[in-house]
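First chain written, first letter: the chains are A, B, C and D, and each begins at residue 1.
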Amino acid sequence: MYEKLTGLIAAPFTAFNSDKSVNLDIIPQFAEVLIKQNVSGAYILGTTGEGVSCSIAERKAIMSAWSKAAAGKLKLIAHVGALALPEVKELARHAVKENYFATSVVPPTYFRPGTPKVMARYLAEVAAYAPELPFYYYHTMLSRLDMSAAAILEAVEAMGGIPNLAGVKFNHHDLFDYQCARGVAGGKYDIVFGVDEFFAGALELGAEGFIGSTYNYSAHLYHAVWQAWKNNDKEIVRKNMEKICLGVKLMLKYGGLPCGKALMFLQGLDLGGVRLPLVDLTTADKKELMQLASCLNE
Amino acid sequence: MYEKLTGLIAAPFTAFNSDKSVNLDIIPQFAEVLIKQNVSGAYILGTTGEGVSCSIAERKAIMSAWSKAAAGKLKLIAHVGALALPEVKELARHAVKENYFATSVVPPTYFRPGTPKVMARYLAEVAAYAPELPFYYYHTMLSRLDMSAAAILEAVEAMGGIPNLAGVKFNHHDLFDYQCARGVAGGKYDIVFGVDEFFAGALELGAEGFIGSTYNYSAHLYHAVWQAWKNNDKEIVRKNMEKICLGVKLMLKYGGLPCGKALMFLQGLDLGGVRLPLVDLTTADKKELMQLASCLNE
Amino acid sequence: MYEKLTGLIAAPFTAFNSDKSVNLDIIPQFAEVLIKQNVSGAYILGTTGEGVSCSIAERKAIMSAWSKAAAGKLKLIAHVGALALPEVKELARHAVKENYFATSVVPPTYFRPGTPKVMARYLAEVAAYAPELPFYYYHTMLSRLDMSAAAILEAVEAMGGIPNLAGVKFNHHDLFDYQCARGVAGGKYDIVFGVDEFFAGALELGAEGFIGSTYNYSAHLYHAVWQAWKNNDKEIVRKNMEKICLGVKLMLKYGGLPCGKALMFLQGLDLGGVRLPLVDLTTADKKELMQLASCLNE
Amino acid sequence: MYEKLTGLIAAPFTAFNSDKSVNLDIIPQFAEVLIKQNVSGAYILGTTGEGVSCSIAERKAIMSAWSKAAAGKLKLIAHVGALALPEVKELARHAVKENYFATSVVPPTYFRPGTPKVMARYLAEVAAYAPELPFYYYHTMLSRLDMSAAAILEAVEAMGGIPNLAGVKFNHHDLFDYQCARGVAGGKYDIVFGVDEFFAGALELGAEGFIGSTYNYSAHLYHAVWQAWKNNDKEIVRKNMEKICLGVKLMLKYGGLPCGKALMFLQGLDLGGVRLPLVDLTTADKKELMQLASCLNE
């Protein structure tokens, strides 16, 4: 059993230049921004990092740059999911080479594992590409699966287990499944929570590790909730959750990823736009957004 | 603005005789069981009460029986939703006549309101059938809608409001929407939470009123969570939530409603089976279930 | 085995007065319009007839009026589906009393049969309410089921059959399932096709009986396609299918049922509006629609 | 406007060795099998070809091998869709270099175009990677989109068009949308039909070009249907469609792609297994399948 992840782990954005090529140069500053905000790790090239929108060569370069920039001050998890297994393997080996803490994979979204049993077989395959490292299955509503994380973990257990399966990055609204997944096999799996706007609720249900995109720029709000929750100060919890929800409402209004990326201005970083099929904010929307977002930093 | 609902409100089952006719006789005992467990109200003939599986005449008889049995000791809310508006009206008028505290409607599931704006018009129509009483929109995942409760409330506001719309029975996993709905129009709406197995999480996010089926037989677990949450005793919260989840796992395994109904044996009531398209438990399953469930009462 | 339905069977609209009460008076004229257009039957109070939006008393009155108006010149099928079994029974018995040719049921849409096996049990129950008459299961995409008609019929067969199950009203895009359903049990079931805009395609795949809403006002287009199909005149098939698709495009643009109802003006009938949650056309839309629709009658 | 595709275009499988590496050696034989069956072209590395399950290097090698093997006797279309735009570009350029007839792209399935307008922008981007060649948008139910092909084409037109957009590979049950898409912009787009088991229906609705996986091994059945359809011999159409449906039933029973691949034994080719998340047939299933499939070749 691996040590469980704790604290806030940011899922960094990938910066693009104006021609939509990858901007590697900004990564050292980005790492500093995270360290300054007291986040404990970074989940590289997942949904927020537009990992699947980058080529394998680009992903490897980004992984290397983060490894160097983190300089041991951030626990780095590499999302290495891809539609083609040879590419997952190439990325997983690169994660080992670059001294990542763990690998993680979102299941493929064109052909898709149709049952927990097939998912278990798929996870066994991709976890084994980096057997030296803990592996996290990435459970997200974007996968549009009809199976619970708990059912998948039960299927893994029924199959005899996966040696380096550490746990689940749990990005799903179903907090019942979250609680069930925590209970599988006597609590052996690390279920890291990933729906930022449910934060206080997840804390009360036992969450201790969190991965999310808004920790890139609003970690202070979550630290404040966490402290107030420990102190039983329900008023402060509520007040900060309201701010957190305001931020997420902006994301819904302007488009999650483009908006989140723009909000990095709050931390002094210009990350550029997004790649299709995501759509860049218009200049007018960006301006409007920044005005509405100013209160998040108070 | 109406006073908000607080505490645990049970959603009683409807008892059937062996020929699947309605068993009205057990209702007084059922009411006692609820009062004894310190629940503050009862939501009559919703999902748990198989309301839409009963004829209008049956529903009126059940409503009357509950009104008499509650004898002012339970706040009664009548679910009066039906596919045909004349039937909604007939039930709403009956709720007024029988001195119900409020009416509530789930939107129709064959033809369906396709936008928040149409939903707002629909709710205005059905709320007006009992203008003397507060009205609660029933927001449930069973409706398979692609719109949030907050968006519906915003559409109601944009339309100029609905005089007697008190709030929402919120049976949905989306706790972000829950928080947003609470914030619409300066917090004027009462958003009553309905996913029992998220209980502690919803508490931490501000919930004060709850409607659910498991309060029929396991209210003590929720009272224990609530007290521990107030006392900042996170260990007791966790321990009781585990028991609550165990109960829900049984429901998933054996079928939610038939299982829940069977669990009323824990409170000494034999409610009989369910109506098609729900399916009765086999005798073997029922026996197995009761053994597994025994720990819930400890 | 029952004789199979053939030809075009219209699914009449239900007319409402300006106060949204049912207009029974127009039914004799409506029946004449259908007979004049050479349709062979009428499917009463299904989706097009807003059956589930009418109360049981209203449905019985409408059924009686149609029975009288048809005067043996139209084969009448009564849709008797409802969420509550006692109501299905009451309607089915009324169909027998009013000398309907068959009954038909869409499965319930709140609680829903979750497997073909449960569906088979449900259909056995409701078919038995009118054992004197052939029964048609109504398979429609509006039910949002994850099971094929063929799988349901196979489950019925596995259960030992349903004595009076004649076949399926097949309102689904899946023409593979259509072909499979036709093949179950050696072709014993009558699979009546219900997606008007696929008409020529279904003909070529073997369809001989059709139930649809656009036969209320555009039967001549379908008769023309049918004749041309027999004569191998592919150009005329194509030309008339284009007109048929134009009509359906109008329905998508203005809202299926309100638009279809308005198009009955083409046959000289004013049927009034629709009931919520469907939404009436605005006067401007209605006017625009009638101009665009004029070509359908050429 | 480009010349429209006609006839049967097979979508070849990709053969794997027992270690799941790509088997390029079998491609010349595969091409011969297609030519012998009188198919007019091949759609390389789409769904059937497990394109997205292969690395970019593998895809380029497969594309080159097919180009050589086809030797001008098959019209080759390269599916070049990938989640990352730089990879789409690399594949599109390779298609030009290898003298493909056209490129084609399925939209990304993790991040997804959310509206017809965004889809139009996405298609404009990827079509422009190979401006020398006609481009086909691949519209498939596997994309789980809530927009019709006709709406996408209308959005393209509204945007001013895409110079080399030739048409749509239409793999969807919605034959109304198929007819509408054919009508957009005066019929300028080539809508190639891709649901093999709807074949006769699509013919009657005007289809002249078809892309499908079952043409790899059962082209003779489709040629027979086509000829009979021309001759107005409805009995032969029906009889062959029954055989076609039998083949598809086998695919549903044993898993579409693994089963289809196994059926190439009917043409004398051993293509090996599939890549995860697809699952190989067991030896027992494969044997059973081959027995059941023998009648397809009669």
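Following the convention adopted for this analysis, contacts are C-beta pairs under 8 Å (C-beta built on N, C-alpha and C of every residue); 3 or more make two chains touch, one makes a residue touch a chain.
Predicted model, so just to flag it, every value in this text is computed and none were measured.
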item	value
Pair with more cross-chain C-beta pairs in contact, given A-D and A-B	A-D
CA centroid of chain A to CA centroid of chain C, Å	49
Distance from chain B to chain A - Cα centre to Cα centre, in angstrom	35
Where chain B touches two or more other chains, by residue	none
Touch-based graph of the chains, sorted into line, ring, star, complete or other	ring
Contact set on chain A toward chain D in their complex	20, 47, 50, 52-56, 58, 82-87, 90, 106-114, 118-119, 121-122, 125, 142, 144, 257, 275-279
Touch list for chain B against partner chain A, complex	173-176, 179-180, 183, 195, 197-198, 200-206, 229, 232, 234, 237-238, 241-242, 245, 248-249
